[in-house]
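Next come two complexes built around chain A: one with chain B, the other with chain C.
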Partner chain A sequence: MRILRTSGFTLIEMLIAIALGVVIITTCAAGFRVASQSISVANRLALENTLMRSGYFAAVEEADYWESFDDPNATPAPATSLRGSASLTYHGVATARGMAFTPLTQMGFTCAAPTNSEADRGWDSAYQWPASDPRGWYHGQIPEFMHNIDGKFGFYEVFTHLSSAPNLSSTALVQSANLVAYGVASPLHTWLPNQLEGMKNALGYYGLYDYFPANTFFGYYGHGDWGDQSLSHEWSNPDSPNTASPNGSLFKLSGFSQGYDYSTVNGRNNNTNSVSFPIVPASGFTEFRTDTLAVQDLVSRNHSSWVTNTYQAAGTSAGVSGFLGNALVRTPLMTSRPAYWPELRVQVARYANQSRFATLCRISWRSPLTGATAEAAFTVLSTTLRGARQQRRQGGGWATWTNSISDPILRTTDATLDSP
Partner chain B sequence: MPCAGKTPGTPGITRCGFTLFEVAISLGLAAFGVVSVMMLFPQGIKAQQMARSRFFAATKALEMVDSYNSFNNATANIDNEAPDPWDVPTGRCSSANDLERRLASPRFGIAPLPTEIAKRLDSDGDEIRQILGDGGLLYYSQPQAAAGFMETGTPAAPPVEAQRLVFAVVGYAQDNAIHVFPWKAWPYYTPYPSPPMHGYHQYEADPAVLQSVPADALHYSAGSFTVDPFQNSRDWDTDRMLIEDANDPDMRKVFTCTNQAASAGAPAGSVEFGYKQHFRERSLDSALRYCAAALWYCERKFPGAAASYFLTSAPLTTFPTSVPQDRKGDLVNCLRFLSHATTCLTAFASKGTLDAGVMVPQLTVDSLTSPAALVTTSVIINQHESCLDLAMLFAASYPYDWAAPRPENRMIMMDHPLLEYDLFPTSSAPMLSGRIWPGNPLIPANQWRPIAAQPIVHIGRSYQFPSEDIPSANPVWSWWGSTTPPTPPYAAGQPSTFWGDPSHFTLTNTFEPSERCRQLVFWAVDWMQYEDCETAPSAPIDASRYTRSAPKARAAAGGPVDTVDKLFDAPAFMEWAQQSTNRNPEKTMIFSVPTAGKPDGYTGADVGLPKTFSDGFAWTLRFGNDGVPTPPTWNPWAFGHKRDQGMTPLAPSDPDPRKLFLGRFGADRNFNGRLDRGTLPVSVRLRAQTVARFNYYDLRVPAMIR
Partner chain C sequence: MPSASRSARGPRCGTVLILVAGICALLASLSLAFMITMRSAAEESRALVADAQARIMLYAACNYIQEASRLGYDNGLDHGEAHGWIDVRDGSEGPKINLGDPPRFPRNVPQRFPMYVWQQTRYAIRPTTAYNPISTDEADDSRFGRPYLANPDPQPVATEFASADTSGRVKDHLHGDALIAPDRQPVGTPRWNSVNLSWFRIVRIDKARFLVTCGAGSTQGFRSYAEAGIQLGADSANQLFGDAEMFAQFQDQEVRAWYLVEWSPAVIGGMNNTTDGGIIGAEHFIMLPENASHQYYPGGVASQSNSRNMVGTIRWIQRLTTEPAAW
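Let's turn to the complex of A and B:
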């Protein structure tokens, strides 16, 4: 008799199969979940890294090209930003003043036909400031106090002065009863004072420091409390008026604030030891919306300093707070990004401090992983202001610089912001 | 799965299918594949994390190179001269121009990782251990950028990922140029024109302790001599001294002297001439007497040459050929004094008077009579021009001739001669040796011999120790200020044996780029997870960062400085800038008392944690506008510039300043204003993963670039 056996799984086979199936499905599910999470995390990390890199490249690009401070391709032409100028009055004298990207021609401060003599006026961008040129030496009395003129060591105005014919006949300033009126002098050295005064007015304080050699004494005779017969007030007076915060200290070019014993001519190190001289941009991305300022106010802030190096002022709006509110440009990147993309900002401030030209960069982004704000802050070597100005054409756009094997020096035929 | 010869549905025929074994094998293979694929996912994450670390490493490296090359490298305003180099910090390595030494400060944004933590870190090839074993340090980044702002306002800040990096410099430090020549901190700068150099000498010039100052040294107290703009000090300093006559006694006559013969209608010995009397009197007569003293000096140096060199009809633009090489410095000094003196006349005589000329009285001193001279406007102008022309020419042409100070009017790199230490002493020229002053307790010291690119001529004496030859051959100074001279005193050195072997001078040698490159290595490791990440003591600090005074006779109070300890209690005035090269690099973060027993997250100011600004402003280098819940803070220990110096606490309630200096109680290393403890016990070792390497050019000569 044939025994017919029905085909099918035994119970034990079924149980084993089901168990195996469960294991497989569970493993697969777990695997897919881990894979999904890993891919998600990796993607978000990759996105965040991309943001960081983008911010980094944007920051370095900004360090090189200064576009947050002056966009040469802006429409309309950037005449209303840091290329503007206005008249400021200090000690009763109204003077036309520019800012960091004001063309020198606009300020009338160019030297089209230099003769390399004391009679030259205006900036000669090709001049190399050789150390052997007596025009570049300080011919005044270095330790002379602005507030304590008594003439005991004579009047160095006879050697150097802003004016070519200063009248040294005042005796109102003197403390000594024996002094006599000297008369009208004919100083040989008038080039350096006029270079200093012209550049200070043309580009503001940061530009002044940027353009002059590191060994410069910032000051001269003329425009003083006693007219021709003392050091210039704006340059040498540490107690210049402090305007209301957060605008910094207007006309305070001498960085110290410790009394008359510092009211001498100073070098860059002394002037920038306690305070910072930033470039205040006309930007909608500053905390104080400096793009809304009237040109005169913007010019004023580019002729101001902020206290950044004393602990007392660190937290005041006349100090670091005001400094950052005016000078830190917080440019958002990818403003038209999808709504679910995280935020990315690049922040840059440029300032002279402790004899150094700092380019402070900060990249901040919203982490796609945690939602928290993360950041990286650093300083970086960057193009000088002078370099940035020579990158730009006067009428807008970038200047073209070329070189060749036969002429390896970069040259341009475009009129830059420094060109006559 | 064999089923040959079988037909489905027929009796005795078994069904075909996978055996359990086959299924198990298959499952195993499938699982292997799945697991393998899954293992790739973390690798992707890891790669992204590595990229992230590289980003932070790159930004930090950029900043370090920026700071290294663009920050002011001026020497801190501490004592920097002594008869022996080991008696001032600048004679040691605190001012070395190596990247890690320059930047290890709160101002420049890096600090050494506590050695206790660094020793727990493993790395590929044991590189970290090797660095530590060679005496190097690991560093970590402070969260803020090196903005250059005052570190006393160092803010609290939330930690940033850059702090998960540690880094070190590999490659040997180079034999750098000597930043400050401790025997004489050349270059000396002075305005041109100017009188002989004089200035602040508080302790050395104190009449009560002038044991080693020459008996006839010109010392004067402030009195009516206040606000002298040419003194090299501020007006609150009280004791001053003529310095430059230590190099040339004739200069004292320019500063002050009396006539030996009747002059200007005054009998012999009755009238003072020179700079000092003019400073007090301020009249045409006093200015003329100053001119007479300057002319006397000119006649002394160049007899009969007044018309050729000093009363010329046109400025001198080059040195006259009749002036020998070793006298050019004398001519520069003559013009410096004479031009300063004759310019004084412009305040006391009108242009009309000076156009006609005024006669300078003759002065007789040391049996030498100054020439009669008619000083006119053109003479004054020509002397001024000659003075600056020749001073600039001399400074630029002869950096190794120290006969005349360098003109402050135009400072250039040629003012700084190239000097380095000879690292290869010989038996005939061993290392310089001696004892740390004042010899109580007796502490031996050594230093390499210096070498100059060219022989230094007219080295003279130093500003701070004008009684000492260079090197000190005067045994007197070594017991100066103490009651009992130590025995034996310093070995008497001779100039011929002072210098190292000139053939060992390498600063001007040609070199391959690889010889000047060092490497920054970054590792990623979450060292802040250690439970002692903030309580571990600071890494060891070079002793030269602990501020101390140069040898001095006595402190302002408290009696003579007769022990080494007392030198530490009486350092020179500390400027803020000094804090970048001196003291603990973690200074602004250190805890001031032991933190044992304080809970995690403790925020009390009693341990030295930051406290709130009175104006309530949240000052932070994180710029404050991102909703960062950062309390407005400043660190009182960063501010108190006396608390971490000296051997004696300022107040009985203050902690031991040495412990503060050393950071024995740890530091708020993530700047978040509270005490943090991680979760990892100290027994756990962490593996640091190499992130990036950056080669950089290591300067041998201090310089700043733009």
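Let's turn to the complex of A and C:
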């Protein structure tokens, strides 16, 4: 009998084949799973990198265009925007004060027809402040104390003064020092004191530091406790009435705090070496919700400073905490994102400190891989406040410029925030 | 039978082949997806790097504007010092060495500055604290107690700068890798991986106002292929950029930003002791001399080295919202 041999598997062959197949499939599945996980990790890392990149671009865009501080397309400007102004009272004198984006025309501080003389008043944006122009020099006695103008080196308030006709006959001062009653003087140099006073009131403290040359002496004769015969009080002997509130220190223009007798005019370095002067935006994206402030409060905070160089004040509202709560503004990103999407935050603060202007950019994001929050902070050279104001039209929108090869000067064709 | 055995192995071999091929296809598709993701991320990162490089060019341009206000102008055999974009002596337009001279940097003429890193560092500075100590030798009437700036500050490690002439090692040191040139002129050799990355252009549009174009890309700051042909010659432009179409592709891949910048003659420092914290107690009426001796006292440093900017400062910067016509 012939046995028919068919080509099948024996049981042993099957068992071995199944065992080998299981091993192979298990290995393949494990490999596939690892590969999938790697892809997933790579994708999440790529997503994290994308978040960082998006944050960077949002931050530098904000650094160049200042839209978190003033949205030029928000017309008309909201009542509590930085284009507002209010009256503040200091030592019994009420003065109209503006903020960083208040049009100079609104503050009456423009110079429509400059003559380049000491008689000019208001800001001339075309003037480029040559060092050779005596109008820009400080003609006072530099080391003179605010309340000790004792005439060691003469009557300097005769040469330069806020007023064109100061009365230099203070009885109190004459009795306490070596002075004589001079009478009414006619100082030759009144332009610089009026530029300083006008800009301080028009734009607030940050704007003042931004607009004036690096070597400016911040102070002048006039507006002092002894009237025309002392240095200006707000500049040279600042008070700090609100140190316990989130408002910072109102009217504390100078960071120099050596005491009453050591109040002098100061340079920018000395004024800013212990305190910071931020621009406080009117934004719902600040910790203190500065968009809810009354205009007068907002103006006050833009005429204030915060102590940022001491450990003691770091956690207080008068120190770094208050400073950041007011000044650090978040750029809204992905506002309608689903809750489970990774978070990205971009924050920017503008302030003057240690004689420098800082544009602090903070990018923070939640890692889609680990869930941990990371942060990168940097500063960037970008549009300054004056540049940002020149970008904007008075009535809203971006300013336009002449744009011709034959006329490359780029003259503005719109009235900007600095135009008459 | 051999034929039966071959036919029996065939389907099994095919099954394994299908399995292996399938798995390979899966892995390949995963790898492809991974590589596409990585490439996409790399391209996006490249855009960020280019933006950062263009922004660095704003720093470079501002530094150039500051330094060119005073330095870098020869007057025949002398190295003259200019007096600012607006001359500090009379307010006329500079920079120039002598009053009455025309400005060395004309208006409305774009200047191009492709940037790279030198192969050899130009300066290795000696760690000397005071190059110009005030003389304490009472017998020396000409120098005793006087803060003369007799020696350059700082000085290179290469040699004793003050005692050397302008040739040889000192000049080599100042010129970096210029020693490759027989006449020791500063030709410079860029690091190969630093060229064609970024550049800036400056147009002076007013006395002290400038239009700065910051760029990151391969055009080296030429605005057009035609401009490259005019400045370099047709052959060189062709070797560098190929043709106008390729140049246009380089342009499309570039990052460019335009800024208005104003220079100011104002400098920080100088009378540090009177304006920046030195008015304390007995120093009330003291005017310490400015010198290079790093004199320290409580409350400040009365030293020239503490004067930050001797070449003016940048008054303001404005990013332009649109491309200007003339840059």
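The definition used in the following text is that the second predicted complex is superposed on the first by the 387 of 420 C-alpha atoms of A that agree within 3 Å, B and C clash if a C-alpha of one lies under 4 Å from a C-alpha of the other, contacts with A are read in each partner's own complex, and residues count from 1 in each chain.
By definition in this document, a contact is a pair of C-beta atoms (placed from the backbone, for glycine too) under 8 Å apart; a residue touches a chain by one contact, two chains touch by 3 or more.
Keep in mind that this is a model prediction, so the values were computed, not measured.
Colleague: Is this a clash or a fit when chain B and chain C both end up on chain A?
Modeller: In the arrangement built by aligning on chain A, the partners chain C and chain B clash.
Colleague: For A:A46, decide between first (touching chain B), second (touching chain C), both and neither.
Modeller: Touch status of A:A46: both partners.
Colleague: Contact-wise, after the overlay, does A:Y90 reach chain B, chain C, both or neither (first, second, both, neither)?
Modeller: In the superposed model, A:Y90 contacts neither chain B nor chain C.
Colleague: In the superposed model, does chain B or chain C contact more residues of chain A?
Modeller: If we count touched residues of chain A for both partners, the winner is B.
Colleague: Does the superposition put A:N215 against chain B (first), chain C (second), both, or neither?
Modeller: It touches chain B and chain C both.
Colleague: Answer with first, second, both or neither: which of chain B and chain C does A:V380 touch in the superposed model?
Modeller: both
Colleague: With both complexes superposed on chain A, which partner does A:Y65 reach: first (chain B), second (chain C), both or neither?
Modeller: The answer is second: A:Y65 touches chain C but not chain B.
Colleague: For A:Y127, using the defined touch cut-off, is the partner it touches chain B, chain C, both, or neither? Pick first, second, both or neither.
Modeller: In the superposition, A:Y127 touches no partner, neither chain B nor chain C.
Colleague: In the superposed model, identify the part of chain B that clashes with chain C, out of 296-304, 350-358 or 422-430.
Modeller: Between chain B and chain C, the clashing stretch is 422-430.
Colleague: Shared contact residues on chain A, chain B side and chain C side combined as an intersection?
Modeller: 7, 24, 28, 31, 35, 38-39, 42, 46, 49, 53, 56, 131-132, 142-143, 145, 152, 214-215, 217, 264, 269, 273, 355, 380-381, 384
Colleague: Any idea which chain A residues touch chain B in the complex?
Modeller: Residue list for chain A touching chain B: 2-4, 7, 16, 20, 23-24, 27-28, 31, 34-35, 38-39, 41-42, 45-46, 48-49, 52-53, 56, 131-132, 134, 136-139, 141-145, 148, 150-156, 158-159, 168, 174, 176, 178-185, 188, 214-215, 217, 261, 264, 269, 273, 276, 287, 308-311, 314-317, 319-321, 324, 328, 330, 347, 353-362, 364, 373-381, 384.
Colleague: For the complex, give me every residue of chain B touching chain A.
Modeller: These residues of chain B touch chain A: 11, 15, 20, 23, 27, 30-31, 34, 37-38, 41-42, 44-45, 48-49, 51-52, 55-56, 58-60, 62-63, 65-67, 69-72, 74, 143-150, 152-153, 160-162, 191, 227, 229-230, 234-235, 278-279, 282-284, 287, 340, 343-352, 377, 380-381, 384-385, 388-389, 392, 396, 407-412, 576-577, 613, 615-619, 621-628, 632, 634, 638-639, 704-706.
Colleague: Touching residues of chain C toward chain A in the complex: what are they?
Modeller: Against chain A, the touching part of chain C is residues 4-5, 7-8, 19, 23, 26-27, 30-31, 33-34, 37-38, 40-41, 44-45, 47-48, 51, 55, 58-59, 62, 84, 86-91, 108, 203, 205-209, 211, 257, 259-260, 262, 264-268, 270-271, 274-277, 279-280, 284-285, 309, 313, 315-322, 324-327.
Colleague: Touching residues of chain A toward chain C in the complex: what are they?
Modeller: Contact set of chain A toward chain C: 7, 24, 28, 31-32, 35-36, 38-39, 42-43, 46, 49-50, 53, 56-57, 60, 64-65, 128-133, 142-143, 145, 152, 210, 213-217, 256, 258, 262, 264-270, 273, 355, 380-388, 390-391, 398, 401, 403-405, 408-410.
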